[in-house]
Amino acid sequence: MMNCDGAGTAAAWLRVAGVVREHCDELVRLDRAIGDGDHGENLRRGFDAVVDRVTSAEGDTPRAVLRQVAATLISTVGGAAGPLYGTALLRAGNAIGDRPDLDATAVAAALEAALEGVVARGRAEPGDKTMVDALRPAVLAAAAAAERGATIAEVLAEASAAADAGAQATVPLVARKGRASYLGERSAGHLDPGARSTALILASLAGSAAS
Amino acid sequence: MMNCDGAGTAAAWLRVAGVVREHCDELVRLDRAIGDGDHGENLRRGFDAVVDRVTSAEGDTPRAVLRQVAATLISTVGGAAGPLYGTALLRAGNAIGDRPDLDATAVAAALEAALEGVVARGRAEPGDKTMVDALRPAVLAAAAAAERGATIAEVLAEASAAADAGAQATVPLVARKGRASYLGERSAGHLDPGARSTALILASLAGSAAS
Amino acid sequence: MKKIINDPAAVVTEALHGMAAAHPDLRVHTDPAFVVRADAPVRGRVAVISGGGSGHEPLHCGFVGPGMLTAACPGPVFTSPTPDQIQAAVAAADGGAGVLLLVKNYTGDVLNFETAAELIEADGVDVRTVIVDDDVAVRDSLFTAGRRGVAGTLLVEKIVGAAAEAGADLDTCERLARTVVTNVRSMGLALAPCTVPHAGEPSFVLGEDEIEIGIGIHGEPGRERTRLAPARDLVRMLLQPVLDDLEWQPGDRVLLFSNSMGGTPLVELYLAHGSATALLIERGLLVERSLVGPYVTSLEMQGISLTLLRLTDELIEWWDAPVSTPALRWGR
Amino acid sequence: MKKIINDPAAVVTEALHGMAAAHPDLRVHTDPAFVVRADAPVRGRVAVISGGGSGHEPLHCGFVGPGMLTAACPGPVFTSPTPDQIQAAVAAADGGAGVLLLVKNYTGDVLNFETAAELIEADGVDVRTVIVDDDVAVRDSLFTAGRRGVAGTLLVEKIVGAAAEAGADLDTCERLARTVVTNVRSMGLALAPCTVPHAGEPSFVLGEDEIEIGIGIHGEPGRERTRLAPARDLVRMLLQPVLDDLEWQPGDRVLLFSNSMGGTPLVELYLAHGSATALLIERGLLVERSLVGPYVTSLEMQGISLTLLRLTDELIEWWDAPVSTPALRWGR
């Protein structure tokens, strides 16, 4: 089980950076089909900066680390995803407060706050074919798992599985938010890139928690 | 045998217009290989105007007709070919003077004057891979034929054959004048479009004379 | 992909170096990236700031200068700039009379400018945001991202920039911007796509004689794919939806802006402009001002957009007012 | 071939209608075709007139106006204008102080302008001709057509036009034109060809990563075909022959003109301009003036040319002088 203090949180996000890098081309391809083809590059630019800038000093809280990641993403990602992921992480940090270590309940609360942040900025509803369609099922699954006393690893594993299913379920949808909405009916039949990146990030976090 | 008065001259040039139209694409193709691909269009535009504008009133001399054709070409062809063919026809007209009918000697003299006009404007030497390489052998052949007493039809037939051979002989040459010269060695291996159009025009005139 | 670049990731920064070399009357920053007129901040004048993804040049950086934008923030190619760029531009441009942010309506731009505006406001600056959404190709609705901001943005920037230069206050500038947005409509088409440097492949593919009608300025697909047609028909396909979208009256005075998406030769653009002018006159509109050129582009995309702005005396006055930027320059 | 046209044969005429609609301060004629500033003839001023094939827009018609050309004659696409156009332009532009014809060195242009000049002179007008041949890609020789006239033509037109506007006499204008021609050199490259409307097919074909170095402005092939390289290497391939051709001294003041052949995005052009500026500074030259844009184009050809002009105080004065044309505008 990973360490759930600031250092562990930082390590988990550095691992996310590796996953983003690995899947950059895939995300570009998805975004090219129904957007402008930059989602992979946007996230890679942002997470490369996370690797450069995010450090955790002795005694840093998870919240402090999340604030650094959020600020870095906001100032480097651009596009729709930058403010959305940035706001999500800011809110997630605020939700967990200044505790030195995370527990399963805190993780579930953080995910819920992240979703609230994305919705507050982007005003997307479920079914609009956005990252919300991956994040919302993840939040619900995490809450249920935490409630029944699951470990952090279990909470994140279930959140990740739900996010993945949610992302896959965006394929038939017609986009109503973001660039893909300009395509109208033509957006159906494609996986939403932001939903996919949300699922990838959660899978990476779940992997960190399990290892 | 065609009529060699003004009306016959006009008829012969209208027939040239048809030949130019027919070979427009070929000339474009030749010019695209070593020039800018417009030689066929330039001549077609000019000879379409000849069809529109050139008329021979009762009693017009061949010279008067040639002046009309020349002025029309100068004001409509553009490119290198416009002033060259225009000057050639102006000089050819001047060379035959105001006689009402042409004979073989006059035709040979007209061709010679045409060559002088082209050289005066374009300053090309034989072997520079230009229309001069078709026109010069034509002039020599016509002079020889006229000297031994050939008919107009024979003079033009020999001029036409010589022009055609001269044009074909431009293939291996490296251009030293006109746009093709920018290609340097790369101009070798291609037929010069202006030499080809000169040969086509002479073939058409020879055809008119024979029919 | 054939491009005159060194490294796809460095395109915007290196292009900014070129802008700096070419235009001594601009101050060009690369980290964070923004361009500001050399004499900024201008005391007592509203700062008019815009920005967006790169690849639409001369929009926006080429419109920085007296009589137009105070500053502009270029994002990566076709990707919105980030809040820190916008904050830095505001810090350099703010002359104490408030800041007007002009934002093309794309989710990315809107969210990043919104985030920036919150931070700037927290610093005590009076900041307003006007969203430009002139593209009639996209049907507007509360439940979607709404219409895109395209070529009409230039007209907003010029008109508001002129008023700010002349000393109009923030309320006036904001009202003017909204007036232009209310009265401007655009629509574009593409004959051939563009290739984003870091993507390396064309953003869409069109058949030998296919065109895309209602294209956005990022290579987003449009309303429909159809066959290439004569220029006069293409012009009608663009103008008809524009004319249908606003209640135009015969006798209305208009500005017609014929814009190249980048790769369309000027000779074709002028031809389209002539055709569009004739059609508008036929419909009883008075074309009182014209603008023709590659001003709001999508890299090397071949295509055009047509923009119509309903004019009033006030808008004409600000349109005609002097402007001195790299890409738009007239008067005085 | 995908073009926004109606009929290949009518392209130039229809584009001129668009120019007329867009630019009320020009008088546009279509038969014969020429464009003249609305206030011509300007009494007592030398008329500066140029022209050439269309497809290079904004050259030449876009440079008609106070401080630059008095009139311009557009030929069909990539084909020189005819003498009757030139005569008509002279008749409309001649203010009694003589006429200067600025001609790009192509056989067709030279022969048509020469024919026109003979006819104009026969009418008693004092007419001079200056041939521009700035393209170092072509080796000059008495036995060839000589170097081509390319982007440097714009600089000649601007500088001589400014002097004529200020009242310089015909001798002075002619001398100034020759001074610019002596001190200006250019070289270009293409990444992708263009298609002439009436030809319907690209003027040459390049492989996936081939480029053509030393291209002319009509799609004529250049010096050599080579592989695409990073921008900084491309810039060196263009500037080295330019630097080799004239005796440049460290400390020479120069104008650097980075020109797009039409289809190259401005972001790439600025990037190249930055790179070229850096290289020149490295060689000890002082880049005192810059011009960046698609000014001397070959339809939608992708590529750039770089032009270097050695400056003197006199040339700087005329370069900086006010100009007010559709495509180039600054000052007063």
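Per-chain residue numbering starts at 1, and chain names A, B, C and D are given in the order in which the chains are listed.
As a working rule, a contact is a pair of C-beta atoms (placed from the backbone, for glycine too) under 8 Å apart; a residue touches a chain by one contact, two chains touch by 3 or more.
Owing to the predicted nature of the structure, the values given are computational and were not obtained by experimental measurement.
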Separation of mean Cα positions, chain B and chain A [Å, integer]: 77
Distance between the centres, which are taken as Cα means, of chain D and chain A, whole angstrom: 54
Between chain C and chain A, distance of the C-alpha-averaged centres to the nearest whole Å: 32
Separation of chain C from chain D, taking each centre as the mean of its C-alpha atoms, in whole Å: 29
Interface hub residues of chain C, defined as touching at least two other chains: 77
Overlap residues in chain A, where contacts from two or more other chains coincide: none
Category of the chain touch graph - line, ring, star, complete, other: line
Chains that touch, pairwise: A-C, B-D, C-D
Residues of chain D defined as touching chain B within the complex: 9, 32, 53, 75-84, 106-108, 111-112, 114-115, 137-138, 143-145, 148, 196, 198-199, 201, 203, 216, 218-222
Residue ranges of chain A touching chain C (in the complex, touch as defined): 28, 32, 35-38, 41-42, 45, 74-84, 86-87, 121-122, 125, 176-179, 181-183, 186
Complex interface listing, chain D residues touching chain C: 2-7, 11-12, 14-23, 54-55, 57-58, 62, 77, 191-192, 194, 209, 211, 228, 230-232, 234, 258, 262-275, 277-278, 287, 290-292, 294, 297, 299-300, 302, 304, 324, 326, 329-330, 332
